[in-house]
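Below are two complexes that have chain A in common, paired first with chain B and then with chain C.
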Partner chain A sequence: MYAQMIKTAHKGVHKREDMSPEERAFQDKIDADIKIEPRDWMPDDYRATLIRQIGQHAHSEVVGQLPEGNWITRAPTLERKAILLAKVQDEAGHGLYLYSAAETLGETRDELVRLLHEGRMKYSSIFNYPTLNWADIGAVGWLVDGAAIVNQVALQRTSYGPYSRAMIRICKEESFHARQGYHAIMKMAFGTPEQKKQAQDAVNRLWFPAIMMFGPSDADSTHSEQSMAWKIKVKSNDELRQQFVDQTVPQIEYLGLDLPDPGIKWNEERGHYDFSDPDWSEFFDVIKGNGPCNVDRLQNRVAAWEDGAWVRDGLLAHAEKKAARKVAAE
Partner chain B sequence: MKNEWPLWEVFIRGQHGMSHRHVGSLHAPDADMAIKNARDVYTRRNEGVSIWVVEARHIAATAPGDKGPLFEPSESKVYRHPTFFDIPDEVGHM
Partner chain C sequence: MTVDKNLLLQFLLRQGDNTLILGHRVSEWCGHSPVLEEDIALANTALDLIGQTQMWLGYAAEVQGEGKTADDLAFLRDAWDFRNVLLTELPNGDFGQTLMRQFLFDAFQSVLMGRLMGSTDETVAAIAAKASKEVAYHVERSADTVVGLGDGTEESHNRMQAALEYLWPYVGEMFESDETDAAMAAAGIAPDPSTLRAEYDALVTRVLAEATLTLPESRYAHKGGRTGRMHTEHLGHLLATMQWLQRAYPGCEW
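And now, the complex of A and B:
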């Protein structure tokens, strides 16, 4: 979900009878739940698809700092500010773990960043929505990070070792994100009528963008099959979305807020909540670059990269000078 | 790209006298900055009391293809484990 609509670098699913002996051995390892490690043999398509998926996931972590960073200076108390600062710092760390995992596949971090800045790689659609009031910050932690956890817990079992290890680290920290968000929104839902109204408004606005994070419905998700066979996708979009809805509805009810979708209803027969489809045309529009904040987010990322260039270059020049001096002294 | 900071591997020793353990990697212009960054990224929740960093290009590693010849020979040497030897109960704990 932090990675959406990843095109598998191959049409259809590799058939066993068409596989080379190397690929057959590779697929056997995956089927036996043995992790693939950086220097192991792997099909080029597996490598390319993983770079796209992990790269997009990393970009999402980094761009995801922007909507929340927006509220650091305006947090209601010093404690909330410290908590939000810690959360945003975690997101930078998550970006780093994921870029590192992508680098083990032979792609440089600078190249991934360049592709993002040129609009040739994407980040999750959710970060193209604005955070309009403090309740949004609570809702982002609770709903957006909550949705991320559902996806990332599944990905801990992914076949590529470095990706799986990054997911394990991230999930440990992500739980803090969801809980601090719910805690913040609890305060508002149980606060003054005006605060409760803001909490309701945040849930109403962010609900559908949050459930869109899992990507299009399985019927329209054409690239999944090979990724599933490679175990770089572990559960289907609809499975993950259902899991998220089932765990989140009781949390909304506990807050005493109205459900953001009149279609949400417990289905005794299925043992799950029914819910309405989001407006998928909005989703595809946001992905295409027409969401409320797409232009802003990318501009901010590019500006941060360009404005920081002199620091990166300066530190490198200093390090090289120091190293040269040390050699001269020896 | 030519201006990219080099890659460093980070090793952290946890609280309880364990040895340093690989936790991840990062980019930094030099060793001092690598340690500072490692502290910020990898020890924010009491994960460690000591940090080692080493530039990734200095690490030598076994090749995946050598796994068999290197590690399989020990599989058949069960007598290297204490549980291989039955010691009568009368002897007591050993």
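And now, the complex of A and C:
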């Protein structure tokens, strides 16, 4: 997952009569569900919007290593430690695919990383919440990756070919993570009273942040229309959120945990669960940088980058020397 | 030839504790590496080491015959029962120190695993056969990185030289021999570690020369890890973190 509040690079939806012939042909392809490929003509705004979305998604994968990495050294068994390491390694790999997808649009990874570190690009709000007990690791896999999958399954149909293909690959791994996460929290929920307490605490804390991952409600989502017309986005925030709630509530019930929101109730007429709105002021605070972990997360990433500068410089210098020696020998 | 069960257990703990403790150290890097590719590579290395731990400690628990599991051995022993060499428990330091430590250990493992594949103990031979594939990749990668950083910029060179000087006194312990090693050698289970030194030195000397690094002259060796006589102060902190959940909530399933 994990792109939220992506500003389309201009306001409103382009009207067909205002389109250039190239743009009209482009829109026809989109409407016919033909993927756009890197060398195809595309409107500047489409390119810019995609770079923002894919870049934010990539940053989320990379920053997302931190809350889970927080428990790798405390994982309670060798198997759990191996599973968690493999998962976090997968996330870093997703970051790589996505940065590569952004590169096909002409934006380098270094530039995107620079924008992140300067606070000019974001990552998903969810990673600004802490992981406080071991059950959080199960809950993150189950709820956070679960929410990501709902979003990303939809994005498999996105109009930009490299992004769509990255999503197909990523979804397979995310599904695996969600199952492993659920399995981990099952052990906690069905374990000792103390373990169950941890599981309940994790669900209570992470429920609303998880449903915030889909972004603000459609009524307040000002940037969606053009993204929908371009099929960068294929389902609305509220549709995706409802789908997530519908699939997750029975899973919470199966665990024998209390529902984290007293407003959750099956609505026979709608054929969906009703649920309470999250506190959107909290969401906007987190987006603005005031979440519980924003400062620490970014500082950690910046420190990793700055402390590693000598390594990158050293390896680059060696590669240049090696290439020069090869030329000299020829 | 049958071998004393307790001596075989000691040998297996030495193998499993090395990979457990180093795997833990490497896993501490997660999310903090100099570049995304290194985050992936370090997680991968840690993952391999934890996988090898499951095999070594799983077999150790079986040989011990007290109904314990690999997890019991990893999470419920105190520092004096650990049998890893001191090198593996040293702190990560900077990325250069982590990769130098990795190389010095990988080089040893690459020599050792090659021999263990011919062990008279079928389980030991099978574990070594599986681990040797991973170890071959680890040593190639850590050697390449040591060369790249040693022969990189002036700063990277100086950092790698400092890392080598800090770590070198911990290399000798890997080649120590005692009655456990003698018994393993006599039974054809494992070579006496002292017999691996020449091959190790040849490999390390070649890589460090390519890295333009200078091998320290002193052969002084800090020891006490593989016998359990005296670990560093660092191990207790590592165990406090690693074992915390199992200790705080005993007897749970996870």
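Following the convention adopted for this analysis, the second predicted complex is superposed on the first by the 329 of 330 C-alpha atoms of A that agree within 3 Å, B and C clash if a C-alpha of one lies under 4 Å from a C-alpha of the other, contacts with A are read in each partner's own complex, and residues count from 1 in each chain.
Everything that follows uses one rule, which is that a contact is a pair of C-beta atoms (placed from the backbone, for glycine too) under 8 Å apart; a residue touches a chain by one contact, two chains touch by 3 or more.
Keep in mind it's a predicted model, so treat the numbers as computed, not measured.
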Exercise for the section: Report clash or fit for the pair chain B and chain C bound to chain A in the combined superposed model. Expected result: fit
Exercise for the section: Check whether A:Gly263 is in contact with chain B, with chain C, with both or with neither, and answer first, second, both or neither. Expected result: neither
Exercise for the section: Scan A:Asp313 for contacts with chain B and chain C and give back first, second, both or neither. Expected result: both
Exercise for the section: Could you look at A:Gln89 and tell me whether it touches chain B, chain C, both or neither (first, second, both, neither)? Expected result: both
Exercise for the section: Quick one: classify A:Gly289 as touching chain B (first), chain C (second), both or neither. Expected result: neither
Exercise for the section: Using the superposition on chain A described above, determine whether A:Thr77 touches chain B (first), chain C (second), both, or neither. Expected result: second
Exercise for the section: Please work out whether A:Ser100 is in contact with chain B alone, chain C alone, both, or neither, and reply first, second, both or neither. Expected result: first
Exercise for the section: Considering only touches as defined above, state whether A:Gly119 meets chain B (first), chain C (second), both or neither. Expected result: neither
Practice task
Go through the superposed model and pick first if A:Asp110 touches only chain B, second if only chain C, both, or neither.
Solution key: first
Problem - Minimum C-alpha spacing, chains overlaid - chain B and chain C, in Å - result: 6
Practice task
Mind sorting out which residues of chain A both chain B and chain C touch, each in its own complex?
Solution key: 86, 89, 93, 96, 109, 312-313, 315-316, 318-319
Fill in the blank from the handout: In the complex, the residues of chain A that touch chain C are 62, 65-66, 69, 72-82, 85-86, 88-89, 92-93, 95-96, 99, 109, 134, 184, 187, 191-192, 194-195, 300, 303-305, 307-319, 321
Exercise for the section: Flag every residue of chain C that touches chain A in the complex, lowest number first. Expected result: 20, 24, 27-28, 30-40, 43-44, 46-47, 50-51, 53-54, 57, 70-71, 74-75, 94-96, 145, 147-149, 151-153, 155-157, 159, 241-242, 244-246, 249, 251-254
Practice task
Over in the complex, which chain B residues touch chain A? Could you list them?
Solution key: 1, 3-5, 7, 24-27, 29-30, 33, 40-41, 44-45, 61, 63-64
Practice task
Over in the complex, which chain A residues touch chain B? Could you list them?
Solution key: 37, 39-41, 86, 89-90, 93, 96-97, 100, 103, 108-111, 114, 169, 173, 312-313, 315-316, 318-319, 322-323
